[in-house]
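What follows is a pair of complexes built around chain A, which joins chain B in one and chain C in the other.
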Partner chain A sequence: MKFRVERDALADAVAWTAKSLPSRPSVPVLAGVMLRVADGRLHVSGFDYEVSSQVDVEVQADADGAALVSGRLLAEITKALPAKPVEIAAVGSHLELVCGSARFTLPTMPVEDYPTLPDLPQSAGTVDAATFASAVAQVAIAAGRDETLPMMTGVRLELNGSTLALLATDRYRLAVREITWSPADEDVDTTALVPARTLADTAKTMGPLGGEVTIALATAGAGEGMIGFAGGPRRTTSRLLDGQSYPPVRSLFPASFNAEARVPVSALVEVVKRVSLVAEKATPIRLTFGEDGLVVEAGGTEEARASEALEAAFTGDALTIAFNPQYLIDGLGALGSATALFGFTDSFKPAVLMPCGDDGEAVPGYRYLIMPIRVGR
Partner chain B sequence: MRLVIARCSVDYVGRLAAHLPTANRLIMVKADGSVSIHADDRAYKPLNWMSPPCRLEEAPGVWRVVNKAGEELRITLEEIFSDSSHELGVDPGLRKDGVEAHLQELLAAQPETFGDGYSLVRREHMTAIGPVDLLCRDSAGAHVAVEVKRRGEIDGVEQLTRYLELMNRDPLLAPVAGIFAAQEIKPQARVLAVDRGIRCVVVDYDRLRGVVKDEWTLF
Partner chain C sequence: MGRERGGREERDFGPDGDDSGAPILHVDMDAFFASVEVRRRPELRGKPVIVGGTGIRGVVSSASYEARAFGVRSAMPTSRARALCPQGIFLPADFEAVHAASTAVMAMCRDVTPLVEQLSVDEAFLDVSGARRLLGPPVRIATDLRERIARELGLPSSIGIAPTKFLAKLGSTRAKPNGLLLIPHDRVLEFLHPLPITALWGVGEKAAERLQRFGLRTVADVANTPISLLRTAVGDAAAHHLHELASGRDPRTVTTTREEKSVGAETTFDVDVEDAGRLRKTLLALSGQVGGRLRASGQLGRTVAIKVRFADFRTISRSRTLGDGTDVTKEIFETAWALYTALGDTDPIRLIGVRVEGLAAAAGTARQLAFGEKERGWREAEQAVDAAASRFGQAVVGPASLLKGGVPQRRGGRRPGETPRDAHGDAPANPAAGP
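Here is the complex of A and B:
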C-alpha cells in the first residue's frame, strides 16, 4: 500500500473514525483504524462491534493494499502535521508516514485479524443533511444518561410516510421534532431507537457536509437491529436499542393551555443563567408570570437569593412555576427562534415550550415538554 | 442496656486526664459492662467512655468505672431524672452484604428488569462449584444465569464465567446465557463481560424497591 494525500483530508478522516474507537478494546485490533486503498480511493474505518464508521478520501494511489494502525496515535499525528501533502506507505510490518520533513514509523497490526465491518442496511430514504443535523441537535439534549434506563438513552426515530419524527426524553423533559424526508417507500411506518450519543455525533459531522443523508434501516433479515447513516463520503452504522416498549410519550402533551407566555429567548436565557447562580445543585428556579411580565427567582429564605424581572406577554391567570434551570436553558437553546412560547396548564403539570413566529403563533415542528419541580411555599 | 439520664460531672483518671463539667447527660451501661456518656448531639461518639472489660462500682452520688489497668471513669451524679433497663438480646449484627442479598431478592421478584418476557426459575441455583444468584428464562425460554453484585468488578465476571462454563455442560440447561447485574459496573469489568458474551445490566436499587424520589417526572 502506498499513497499520497492532502493533510487536511487525512486528518479529518482519521479524527472522525478514531473518535468511535473503544477506549478499552477487548481485542487490540479494535484500537486500530483500517487504511485500505483501492481504485484510487482511501477507505478509513473504525469499529467497536457497536458502532462502525467509515470515510472515503480521494488519494493519489501508487499501490493498493491495507494496513491497520493505532487509531488514537494516527489521529494525534495527523492533527499535528504541517499543511503539506502526506505520503504513506506500508513497509513490511510498519507504516511509513512522511509529511514535509517530518517522518513517522508506526507498527501495524495484522489486517486479517480485523473484523468485517457490517454492511450498510438497505436505504429507507434520504433527508437534507443540515435539516437532519439541526433536528437531531434539538432532540438529543433531552435524552437520558442514566444507564439503568437504557431506553431513555436513545432518540426514537418514527418514520411515517414523508414525516420523520425524532423523540427523546429522560422522564423530566421530552423533545419532539418533526421534519419531512424522502422515504424510499411512501407507505413506510416504522420506528428505531438509536443511541443518542452516536446519533448526535453522526448528525453533527454530516450536517456541515451538506447534501443528503441516507438513513439505512433493515426491517428484517440481514442487518436487523442496526441503523446506518451515509452522508457525503462518510457512513456509519450503529446497533439499535430495544425500543419495543417505548412509552406512548406523545400523549403527554396537553391538548390545550390555560395560560400562555411569549418571552424573548436570549433575554430569558441570560436571566436564568444569572439568577440560577444562587440556585444550588438540584434546586429549582421559580418563574412567576403575571400581567406585568415575568419574574425569575432562585434561592431560599436562608440561603443566597436572586430575582430579576423581564418583559413577557402573558395571557391567563397569574402563575408561579419552578423548573430545573439547566433543563429550561436546554429547551430555550433548542428552540431556534427569537421568541419562546410557553404553554401552561398549571404549576404542577408539564409546560410546553415552542418556537414562536413573528405573528405570535407557535411554529409547528418542535415541542419541548418540561416537568415542573415541586416547591414548598 | 441501662439508660440513665442525670445531671453529672465526669472525671477520667488514667493515661489521660479529662474533666466534663456538670451538665445533663445520658449514661449508657451496656451488657458487656461498658459505660459511655453522651451529650444531646452527634450520632457516633460518646463524650467519654470506658471500654470492656471493666467494672462499675455504684455508691450514692458517685459511680466509679474501673478497668484492668486501674484507669477510672468517675461519674459524680447530682440528680437522676430517669433510670431504666431494657433486655435487647443478641444483635444479628450489621450484614455487610445486606444490599446485595436484597438486590437479589428484588430482582428475583422482578425478572422483567432483564428484559421483556423474562421469568425466574429459582434463586441460588446450585452448581457443583457454588450457587449462582438467579436462574431465569428469557422470552424464548432459554436459560439465563444472573450474577448480582452491588459493585460490578472483574471478580464477579470471573465468578459468573465459571458458573456458565459448568452450566453449559448440563444438557438440560444448555445453552445458558449470562447477565451481570450490578448497581454500578466498572469499565474493566464491562469490557471483560462483553468480551465473554455476558450482558451487563445496571440496576437501580431504589427503583426496584419502590423508593420514589421526591421529584415529579413526566411518566
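Here is the complex of A and C:
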C-alpha cells in the first residue's frame, strides 16, 4: 500500500474514525484504524463492536493494500503535521509517513485479525444534513448520562411517514423535535433508540458536509438492532439501545396552561448564569413571574444570595417555580429563537419551553419540558 | 454503664460539698437492660441477670451488678459470659420496653432543663445552670431526679455532678451503682489526678501504651508533663486535648442536638449466610431501620453505603451517591441491594450493614422532581407506617417479605381484637409489595 494525500483531508478522516475507538479495547486490534487503498480511494475505518465509523478520502494511489495502525497515535500525528502533502507507505510490518521534512515510522497490527465491519443496513430514507444536525443537537441535551438507566441515554427516533421525530429525556427534562424527511417507504412507522452521544457526534460531523444524510435502519434480519448514517463520504453504524419499554413521554406535555410567559432568551440566559453563581451544585434557582415581570433568585437565608429582575410578558396568576439552572440554560439555548414562551401548570408540574415567533405564538416543531425542583418537602 | 469502678474509693467524695461551680449532671442508668428485665420480673432481683444477644454470636448488652461480680461485662461475647457465669439468667433484650423506659427517663431529664444531651439510650448530660432558681442547687436537682426515676419507673440510676461533662461522667461512673457523686469546682484536681491515664476520654489501649512508655501512669503525670513531650507521644491534636482534660478543662458544652454524620444499622448472623433471599430480607430490614431513624430525625442522606464482612473476615464497603437526599426505605434498600449484587461475590457472609451518609435536614431541602413521579409516593406511605408503628408498635405494618408465618415478632402493640393477620395483611400502607 502506498499513497499521497492532502494533510487536512487525512487529518479529518483519521480524527473522526479515531474518535469512536474504545479507550480500553477488549482486543488490541480494536485500538487501530484501518487504512485501505483501492480504486484510487483511501478508506479509513474504526470499530469498537458497537459503533463503526468509515470515511473515504480521494488520494493519489500508487499501490493498493491495507494497514492497521494505532488510531490514537495516527490522529495525534496527522493533527500536528505541517500543511503539506502526506506520503504514506506500508513497508514490511511498519507504516512510513512522510510530510515535508517530518518522517514517522509506526508499527502495524495484523490486518487479518481485524473484525469485519457491519454493512450499512437498508436505507430507510434521507434527511437534510443541516436540519438533522440542528434537530439532534436540540434533543441530545436532554438525554441522560447515567449508564445504569441505559434507556435514558438514548435519543428516540420516531419515523412516521414524512415526519421524523426525535425525543430524549433523563426523567427531569424532555426534548422533542419534529422535522420532515424523505422516507423510502411513505407508510413507514417505526422507532429506534440510538445512543445519544454517538448520534450527536455523527449528526454534528455530517451537518457541515451539506447535502443529505441517509438513515439506514434494518427492520428485520441482517443488521437488526443496528442503525446506520451516511452523509458525504462518511458512514457510521451504531448498535441500538433496547427501547421496547420506552415510556409514553409525549403524554407528559400538559394539554393546556394556567399561565404563560414570554421572555427574551439571551437576556434570561445571562441573568440565570449570573444569579446561579451563588447556587451551589444541585440547588435551584427560583423564578417568580408576576404582572411586573420576572425575578430570578438563588441562594438561601444563610448562604450567599442573588436576585435580578427582567422584563417578561406574563399572563395568569403570579407563580414561583424553581429549576436546576443548567436544565433551564440547556433548554433556552436549544430553542433557536429570540423569545422563549413558557407554559406553566403550577409550581410542581412540568413547565414547557417553546420557541416564540414574532407574532407571540409558539413555533411548532420543538418542545422542551422541564421538571421543577420542589423546595422543602 | 461500662467502666469498672476504680480500685480505691476516695473517702470523701460523695453527695456533699460546694456544688455552686458544678452545673453539669451526667445521668446514667444502672445496668439498664438488665434493670428493665428485673423490674418486669421481681423474682430476678439479686440474681445475676445478663441481657444481650442469646445467639451463638451474641454479645452482652447489659449485666446486673450480681453478674458483674463474676466478671461479666457489656460488649463481651455471650458465650464468654456463659463460661464466666454459668448460673446466670440469660435473656434477650426487649428493645420496646427498653425504648419506652429510655423515653420516659429522657422526658424526666427534660422536665429539669431543656439542656439535655442524650448520649445513648441510657445516659445523658444535663446543664442545670439555669434551673437553680426554680429547682434548687445541682445536688438537690440530681437527688430529686434520681428519686423520681426510681419512684415512677422503678429503675436505679447514678448521677455525677461536676463543672464539666468529662468530670460529670467520671463522677457517675464512680457513683455506681445507685449513687450520687459531686466533684466540687475547687476539688477537681484532687479527684482527677490520682486516676489512671485510661480514665482520660480519648485514651485507649494504644495511646495508654505510648504514654506509659514515657513513664506516664496517672492523670497527674499527664497534667505535669510539658505539652511538647505529650506531642511526641500521641501527636499534636491529642496532646493538646489530653493536657486540657488532665488539667480539668473540658470546653465541650451540653448540646441538645448532636449532629450525626451518618445513620446506619448492621447485623451479625448466627451462622454465615450465602442465601441471596435471606440477605435481601436482611438488607430490607436494616434499610427499614435506617430509613425510620432518618425520618424520625427529619434528615435526608445522599449517600447509601453497605458493609459486608465475609466468613473469612474479609470486609468491604461500597457506596453510591444519589442525585437527591433520601429518607425512603425503598430507595435505601434498592441502592443497598444494587451495591451488594454489584459485588458479584457470593461467598458466605458473616455481617452485613447499611449506612446513609451525607445528612442534611429534610426541611428546606430542595428536591429535583422527576417525570411521572407521584406527588404522594413511598415517602408518604412510609410516614404513614411510622405513624402506625409509633401508635400501635413496630409489628403492625411492615414489609410482607419480613413476615414470619404471619405472626408478629415482637410483643405488644396490637389493638385488642385484631388478629395478627389483620394487623399485617390489611394494613393501609405496606411498603413490601416489591421485595
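Rule of thumb we're sticking to: the second predicted complex is superposed on the first by the 375 of 377 C-alpha atoms of A that agree within 3 Å, B and C clash if a C-alpha of one lies under 4 Å from a C-alpha of the other, contacts with A are read in each partner's own complex, and residues count from 1 in each chain.
As a convention for this text, a residue touches a chain if its C-beta (ideal position, glycine included) is under 8 Å from a C-beta of that chain, and two chains touch if they have at least 3 such contacts.
In this text, all values refer to a predicted model and were calculated from it rather than measured experimentally.
After superposition onto chain A, partners chain B and chain C are found to clash with each other. Of the two partner chains, chain B is the only one touched by A:Ser26; chain C is not. By the touch criterion defined above, A:Val249 reaches both chain B and chain C. When the two structures are aligned on the shared chain, A:Glu147 is found in touch with chain B, with no touch to chain C.
By the document's definition of touching, neither partner reaches A:Gln122: not chain B, not chain C.
Of the two partner chains, both chain B and chain C are touched by A:Arg374. Of the two partner chains, chain B and chain C are each touched by A:Leu174. In the superposition on chain A, contact of A:Asn160 is made with neither chain B nor chain C.
Looking at the shared chain after the overlay, A:Thr320 reaches neither chain B nor chain C. The single stretch of chain B with clashing C-alpha atoms against chain C, selected from 96-104, 114-122, 168-176 or 186-194, is 96-104.
Overlap of the chain B and chain C interfaces on chain A comprises residues 148, 169, 171-172, 174, 247, 249, 252, 348, 350, 369, 371-374.
By the touch criterion given at the top, residues 323-324, 338, 362-372, 375, 379 of chain C touch chain A in their complex. Across the interface of their complex, chain C is touched by residues 148, 169, 171-172, 174, 247, 249, 252, 282-284, 300, 322, 324, 348, 350, 369, 371-377 of chain A. By the touch criterion stated above, chain B contacts chain A in their complex at residues 115-116, 187-188, 191-192, 194-195, 202-204, 207, 214-219. Per the touch definition, chain A reaches chain B in the complex via residues 22-27, 146-149, 169, 171-174, 242, 244-245, 247, 249, 252, 348, 350, 369, 371-374.
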